[in-house]
């Protein structure tokens, strides 16, 4: 992971961006997650000090929203939906496929650190169910073969 | 003022007052677990639901303010069934510890379970299990017993201004904790313990020292700073086992600080002086009261004769009572005959 | 019906501002800026437009409360959380016709004298965020946003705000709490956001589809708008169809089109020649409908008469192969995961209902399990703090009512009839 | 509290704690309220929540600053200049309460001239507080309808402590913030019954109720009441007794419930003086640094083992009740004093503390209306002259007891010992939340001991970098009077050039270093300012 001091300078610069903006917590946490892949504990400490927001409240926010992650994950994040529309179109089978083919469990990371898997509630891709996101890209009408083909692009 | 009817009783209440408060003014007690007069309304526990003429759904009395001509019913078979089911749900996620729980006999949840006759929760299911204990020296935090009423979070944030704890996570996993579930690190005022309706937050050195039975209460004034908070000492077998404060006390309204609430174990410290001591060739020897008093009075009379009363001085204490201070200066002035008196005030 | 909300979306560059203006885009804004805010609100009130997010609350009324409130600054908030499973209409507008939303927001902002607007976009649409950021920049560059819109002395700014995965933030006060950087827990009402919203200021929260109707109302006037849809629920509606149909997708049809017509005429009917088993008409927080009820007209007023609700208009079609208990289990897993945890009935009730259904599916059920589900459903509906807890039981309870035998067979014979 | 007593007749809070909630302006100077008076801190936070404005004047960034609207960071010991500066701006902007001044005060014109040269620019030079903040503070205090001033040791523990108090009183007189609710001049007394011990006459120049020893008619009244001839010679204060012992004039000292070795300044001096005594009797509940030097130690009862009353900082007399028996042969202080008195020929036969309380009521009208029954359940605030009198929440309604409120001209004088080349740092001392006074009680509570186990010296982070000192590093702090070693606490809380050491820890007692220079009037030592050096 990045050097501690280097890490701090990144966090400090991100905080400065939102210093005097009202309602800055959620976008700031998102930027921190984009920079490190997750929200490190010391980032929350620093935000609390600089923006004078009680750290207990920050932790409350950081753990409320499902898309904030608190542990480093794989290089690429797979977010597969299994909600009702996707479920009745076979999403469960794809979950098993990811487990058998890539050794990916819900919330887990492949041993080689390439992929992490998050099971999502609904990502608004019901017309092309089953659907998934990989990092920020959307893919629909998934089959086992199509998933394999897609994941090839993410090294 | 607003005129309304609660359970057929005409009531006049202040504009903006919650129905729950207006009802309590008239002695109508509506069950509530997350309401506290000092705190902002929350509406989380849903026990204080009442029916209002013209409203489709029951509303919580703690969040709904009175309005002119409102007709409120605080109880009906339907409302009681909803309350009982709500309690059932709370108990289904609560450890069955009443046998050993420190709060037994003073627990709002236990009282309500008794009132609604719930022996077994009807909806069994997974219960929150937290093995990690909080290492702070003052407050035992058993979050399994927490019913998420949020009173501790609100009093720490709104009244104490420290915000040491808040809700974390979501849904059934929601938990009140310090950031990253570190050990509690705050002013340890214990206001959270004061408002906690269950055994989730209790003083660490209260545990096992005794509960409701044969525990006496003595109201007194705090021995520490000059604010003069009212203390209630809980006594068992001639020992202080707990300190609290009545919420209607004028100076502190039941709130205390770490010293007042938790700093009482010096009274029973083994180091307490138990006998008079006289120093003989550099070492203190225990002696009887007569021997000590005779020694002192003999020496005082000798010094007074030899050097006069002004060779004697007296230092009284800002921690002793008015009566003791008065008597002390009377002793120095009338018995000894000097004005050499002071006390260790920080002025 | 001639397309209004999805006009010109077949054109691959439909999101581009030049393309939008070429097709008459932002003309309605200039028209509106000539009118008085009060006049615009009267027009919207007369048009009968109702909230497309699912509440069905008359949009004009909400605006009027905000305009009349003395406090300022005021805020216009676009609810783009679109968390109701089965719903993907707002996504389509924002991907293919984003400037229609921006134009609608500016007119709405002007009407309630708000100078600041937020778009609260759900965290699960990162690719939409890119499009919207570009759209907002285009609007600023062309002078439709900023300190002085088109030299008309009107100021309006839009800030794009992304959530981070919380269905509850579709509820307007939870959304506002989220913008303020807090946990998305609903607020006590009253006060309503129109008088005390974000930062304690008057804030109107409208859904993407609702705001996208505004330019058209200005363009053709309320009287013409009333001719579309039904008298009580006028205007076009975007119906989302997913599940076991030949052509899943978004269909822009007059409000009040029947469910049958949407499924069979537009979405091509049930695929692979399977038999229709059940339909969730308005997203998984709305009661399920058996096949014999699909002649219902899909609008806010009629659906309750059929024992269900329009909701967000998200139609999930299920054929005979589906085990409805599994669907209920998945829906309750959703609600238990998304419950904000504030109130007892929802925090614990969703979990206990889920565990009861899972027990039945495992065949470890007890006879009173159906009784427990009904009791839990009633306490959640009656005593939950907000609509999440109140509507979470709808799917299960309606499935018990309409498909009792499927529950019985699971309990008695421990197997699924489908 | 000599300063306040001079102006208003007593050294107590003029208003009461509950009224804080309705202040619309709170001016807190020289008081770390949330640590020294936590519950009064809560009332202040409540006032702020209700919309009141809060000004905090303190060299350190104490917790209360978080709730303030304006933080004046004056250099330690420059309070008079700051307060005169504020008065200066109030006068210049015509915010003074003209008819209050006309009706209830005297000496205004002369005092007005004395603050003329305290312009904001000059005051900024002395105190380091930006002039705009001085003007802002003056406008806030001057325009407020109900403004209360709150202060503690930060104001009084200086060689010019009385001057500090005078300049506070001047501000209140200037703006008519006296004799009405939610206003006043409010010293927050540090200890549970320090107000009571001064009320009861445990001060060398006054009998109970501030009745002066030097006035013959007063002395005769007490001689008659007590049936004994009384001395007409002025008595000695604590620090003067130390001097007298060293000079051989004082031969015996009877100490009840105090630990002067730790709590008096210049510890080495105190120890040496106590050692020179022919008789030192110490009556306490534990062995302390002072009992070590005693000839006789007497075991006393603690607050939970006796009946009586305490008087808090808002003049509220409240009951203290016996809850448990004292350990071993320990006895109530009343019994011990009476027993000694008996043996030296003066009988004081009391069966119950209430008899003493009634006697006090007979000789001090302010308590005449009180008795133990009337003190239920929440006590009464003196003055309470008659049995039906409800007590007095705030003083001076309808005017001052002894004629008018007196404006006192005060010149800014620097502190006795200020930093120089040899001792470049300024040391200030004070309280922390988890400890109390000399630690006799608080050190013996396991939980309090574990969260505040030892002393520390707060050092500004820039100073720490310059001296290469890291957080938690053991350092030596040296003054002309002694040296202690303790851990460094690197923080932005303390200003550059200023160190802070809590007073509660015997293993590194701040009073080893403090200066025993006295305020001439109040005889209070200058605990708050002395010059020190830090050695790594």
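For clarity, chains are labelled A, B, C and D in written order, and residue numbers in each chain start from 1.
Here, a contact is a pair of C-beta atoms (placed from the backbone, for glycine too) under 8 Å apart; a residue touches a chain by one contact, two chains touch by 3 or more.
Keep in mind that what you see is a predicted model, and the values were worked out from it rather than measured.
Within the contact network of the assembly, the step distance from chain C to chain D comes to 2.
A simple rule picks the central chain: find each chain's mean C-alpha point, then take the one closest to the mean of all protein C-alpha atoms, which gives B. Of all chains, the one whose CA centroid is most distant from that of chain C is D.
The geometric centre of chain A is 25 Å away from that of chain C, both derived from CA atoms.
Put simply, the C-alpha centre of chain A and that of chain D have 57 angstrom between them. If you average the CA atoms of chain A and of chain B, the two centres end up 44 Å from each other.
Mean C-alpha positions place chain B and chain D at a centre distance of 28 Å. Contacts with at least two other chains are made by residues 166, 183, 337-338, 340 of chain C. The set of chain D residues touching two or more other chains comprises 66. Those residues of chain A in touch with two or more other chains are numbered 57, 60, 64, 66. Viewed as a network of touching protein chains, the structure does not reduce to a path, ring, star or complete graph.
Contacts between chains, counted with the stated touch criterion, involve the pairs A-B, A-C, B-C, B-D.
Across the complex, chain B is touched by residues 41, 44, 48, 54-60, 63-64, 66 of chain A. Chain C contributes residues 166, 183, 188, 336-345, 347-352, 355-356, 372, 375-376, 378-379, 382-385, 390 to its touches with chain B in the complex.
On chain B, the positions that touch chain C within their shared complex are 41-46, 49, 57-58, 63, 82, 85-86, 89-90, 92-93, 122-123, 125-126, 147-148, 150, 167, 169-174.
Interface residues of chain C, counted against chain A in their complex, comprise 82-88, 91, 122-127, 130, 161-167, 178-184, 198-199, 240-244, 248-250, 280, 284, 314, 316, 318, 322, 326-327, 330-331, 334, 337-338, 340. For chain A in complex with chain C, the residues that touch the partner chain are 22-27, 29-30, 53, 57, 60-61, 64-68, 79, 82-85, 87-89, 120-129, 133, 136-138.
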